[in-house]
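Order of writing sets the labels: A, B and C. Residues in every chain begin at 1.
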Amino acid sequence: MAESRQTSGRSHGWMGLRRGHQARPLEWLGEKAILGVSLSAILMVFLIFLFVARESLPVLLGLADSGVYHEPVSLEEMARMPRGELADYLDLSAAEMERMDEATLKLLMEVKAEEIAAAPEDKDARINTVSWPYLLLPHQWTGYDKPEFIWQPVSAIHKYNVVPLFIGSLKATLVALLFAVPLSLAAAIYVSQLAAPRTRELLKPAIEMLAGIPSVVLGFFALIVLATVLQNTFGYQSRLNALVAGIALGFAIIPVVFSIAEDALTSVPRSYTQAALALGASKWQAAWKVVLPAAIPGVFAAVVLGFGRAIGETMIVLMASGNASIVSWNILDSTRTITATIAAELAETVVGGHHYRMLFLLGTLLFAVTFASNLVADLIIHRLKARLEGKA
Amino acid sequence: MDVQTPQLHFEPGEREPELIHFRAKSRDWASCLFTGLTGLATWLILGMLGVILVNILVNGWTGLSWRFIISNSDQDMFDVNKAGVLPMIVGTAARVILMTLFVIPVGVTTAIYLTEYARTTSLLTRIIRGAVNNLAGVPSIVFGLFGLGFFILFVGGLMDRSVLGGGPEPRWGKPAILWASLTLAVMTLPVVIVATEESLKAIPQGLREASLALGATKLQTILQIVLPQAMPGIMTGGILSVSRAAGEVAPILFTGAAYYMASYPKALTDQFMDLGYHVFILSTQSPNIEQTRPILYATVVVLLLLTFALNFVAILIRTRMRKQMRALH
Amino acid sequence: MNSLMPPLAQGAAAAKPGGSPPQMPSRPMVMETRGLSLYYGRTQALKEISIEIEEKIVTAFIGPSGCGKSTLLRCFNRMNDLIDSVRIDGQVLVGGYDINGPDMDVIELRKRVGMVFQRSNPFPKSIHENIAFALRLQGLRDRSTIDGIVEQSLRGAALWDEVKDRLHTSALGLSGGQQQRLCIARAIAIKPTVILMDEPASALDPIATARVEELILELKKDFTIVIVTHNMQQAARISDRTAFFYLGALVEYDTTQTIFTAPSKKQTEDYVTGRFG
């Protein structure tokens, strides 16, 4: 058949059709480059985890030792000591060590020995305070009458118990959620279900404008204005506390919770509402009993994301929480959060020191917490969308 | 009796007269309460937003002067009569401009991959999207730690040990405007990706088909047909990322912001003064908070005006873009 | 490479010998499908379609919506590649080459098999630039050559007199019919062998439609045209061959006259007489 009905075409017509993609190396290269660059988001998440966790690794693996007591080392032993240990013993950095000549080092050794001999021995001095039991469990330190959770990195004995910081973070976050979630959910229901379309067009961007206020400005407002107003109204003792920080924090997460909840409510098909209305339900009944239940996973995701945002927020809590690391569930007590601790203390630490590594450990934990909450919210939203579109 | 139920197509705002009549007879208290409460919450949020803005503007206006905006704080940045914020404005502007140079190419390319190349169902696409979402949720202070651990200590340290360094003092391995900008670029990557994606998706598929059917390659189509159309969206993304980054303080705390500098940053390795960080310093480290209140408020106003102006421009461009797109469809 | 003998043809030809209706007069063939099935995910959109398209005539694909006629059209220049979930069985041969073969250059294919879409899709550029873009894709750089071809194609699309004074204004300012003729001008500017038209007049008013139809009759002197249409009068007016599709299958393929006056299948008759669809 191919013979009788010969393929036609202007003879130049079909030439070069069969060169394949090898014919366009630039195109090929371009596509590979685009793919490569677009992997950078994955790379960055990976690098963030890698490099934040890397700095905290010695603490995580229990390799760091923050014990302040050293047996005095004699000059004879000094020659046999590894350079690194020697630097540690003399509280020198490796670079400083390099610059010292033998005579200076010997002098330092003698000074150190005298120091150790002169200092009265604290039973806590031999404790490795960055080992896990001391990070998580209460301990009765010298001078205290009962075991306590204490974060006190800048003192003779470095105390690194993370419990007060976790409680502080949770406290501020809970206040923020209690303040922000009901308000934003109610607003989301109002804007998506009840408000007139034209009002809606105005309300949505207006609320989302809150997201445009830098957190340092919210922190400033909480510190200068809100703290004073609240103290004058309720007359409590410490001016800066979890309540002030939590409310300001709530402001920061209102736009997050609002837009995601609003999105979820809007994505419920209009036919649901119409079916309810046709059955004689009023608008609020349709919104409350039909739309909200259908969108409830999205609302939950909004709360989870709000939690992630609140627990990771730094400047507001740094400025408005008072920063005292006390173990107390009273929201009127001054509070120190994980993020504020990192922000306030990192500048004072020695790179590679145990305090520095502890702050990176806090960062790693924070990353893990927000990563998990993001992942959960992501999955929920994905499922919800699939369900509402009838795919699952 | 009206048999047709008007509620079926009852749109809020366009009430039909007979319906109002109908409702007036049997007043639904639960409905009023529910609408009232949710409406109240909405207006409460807006009211609080209004209070914050008005408080800042009213108090800030008195301290704000032309001299304040265009002068340096040579002697004392806590001196109400001599302090100025020009170095902070310059520093903030420099770090965000530098940031856009890094984030826009990477963000736009990623968005192109996601909308034009990736199969929506493939595992890789889902992982990239997940990574982008996660990046958007990483706390800003963790970005600060990352900037220190990766850019300054690792990359900067490597550069110091290579031919680029030289000399006993670290040249790259210390806080600098370059590292602060790169850290912010990583942080705002999702903003650019999402905005660009949105504008790419808004371009009618017919334009791509027209170009491909003429024998254009995919890359030619993207570069010559799709991208020019997506320009407003890309600009919006850039501006939104700038406005987000302009107010961020936590990521630059350890990566480049300086408490005080006598000179402007001149090289990529210099540190810089920053508006947001300056607000923090003035609020928490002022020797006399009552006395420095005017300059504190004025600095906040400058920062707010800057971020809001940027947001406003972004919204304007986006609205215009949507209108143009509607004309195209 | 110069051989016109299709490299993959023999095997498939042996497997499907009776692919074409015998009663049609023999003209050189430009494109054909052999046992072509197409799936969107799990739904089958085309069922074992074998059809041959002849040179320099107008072939019309008709059938009710969703019958697969547009999908089949888009197989000839592989526009279905743009849809992720599409899977194809069987062969599509253009100029004797299996265009789904591994070493096929789809870009070169599309330069030879042009396409005009249902909704006019001029680029948001000037009228001149719309055509010049197509020409520059061919590697043309010389301004005067480009200007010449732009005029020639606009004349070919019967649009020149209407737009010659505003070549450098936006193409989006043209009326719907003019936009569609601009798209045709753009398609013929690169001198393809085949032009695929996917309901090119469905969005146009009757006068604009008439002008596009006249244009199609004019174009068939130089080009092989395949047109998808839901308008049976249109098919009857302009086409030489008509293929009727129903539910993804090719029901009948014959000269237009036969299809409209003496169809051999009951379904075809019902459709062309307007009893369904």
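Descriptive notes on the structure:
The criterion applied here is as follows: contacts are C-beta pairs under 8 Å (C-beta built on N, C-alpha and C of every residue); 3 or more make two chains touch, one makes a residue touch a chain.
Given the structure is predicted, the values throughout are model-derived calculations rather than measurements.
Here A-B and B-C were compared by C-beta pairs in contact; the pair with more is A-B.
Averaging Cα coordinates per chain and for the whole protein, the chain whose average falls nearest the overall one is B. With centres computed as the average of Cα coordinates, no chain lies farther from chain B than C. A straight line joining the Cα centres of chain A and chain C is 57 Å long. Chain A and chain B, compared by their mean Cα positions, are separated by 18 Å.
A straight line joining the Cα centres of chain B and chain C is 48 Å long. Those residues of chain A in touch with two or more other chains are numbered 24.
Residue positions of chain B touching 2 or more other chains, listed in rising order: 217. Shared interface positions of chain C, defined as residues touching 2 or more other chains, are 107-108.
Of all residues in chain C, only 77, 79, 82, 84, 107-108, 110-111, 114-115, 117, 119, 121-124, 133-134, 137-138, 172, 183, 186-187, 190 touch chain B in the complex they form. By the touch criterion given at the top, residues 24, 26-27, 30-31, 33-35, 37-42, 44-45, 47-48, 51-52, 54-55, 182-184, 186-187, 189-191, 194-199, 203, 205-207, 209-210, 212-221, 223-225, 251, 254, 258, 274, 277-278, 282-285, 287-288, 305, 308-309, 311-315, 318-319, 339, 342-343, 346-347, 351, 359-360, 363, 366-367, 370-371, 373-375, 378 of chain A touch chain B in their complex. Within the complex formed with chain C, the chain B residues making contact are 119-121, 204-217, 220, 224-225, 229, 327-328.
Listed in rising order, the residues of chain B touching chain A in the complex are 5, 7-13, 28, 30-31, 34-35, 37-42, 44-46, 48-49, 52, 55-56, 105-106, 109-110, 112-114, 117-118, 127-128, 130-146, 148-150, 153-154, 186, 189-190, 193, 217-219, 243, 246-250, 253-254, 276-277, 279-280, 283-284, 289, 293, 296, 300, 303-304, 307-308, 311, 315.
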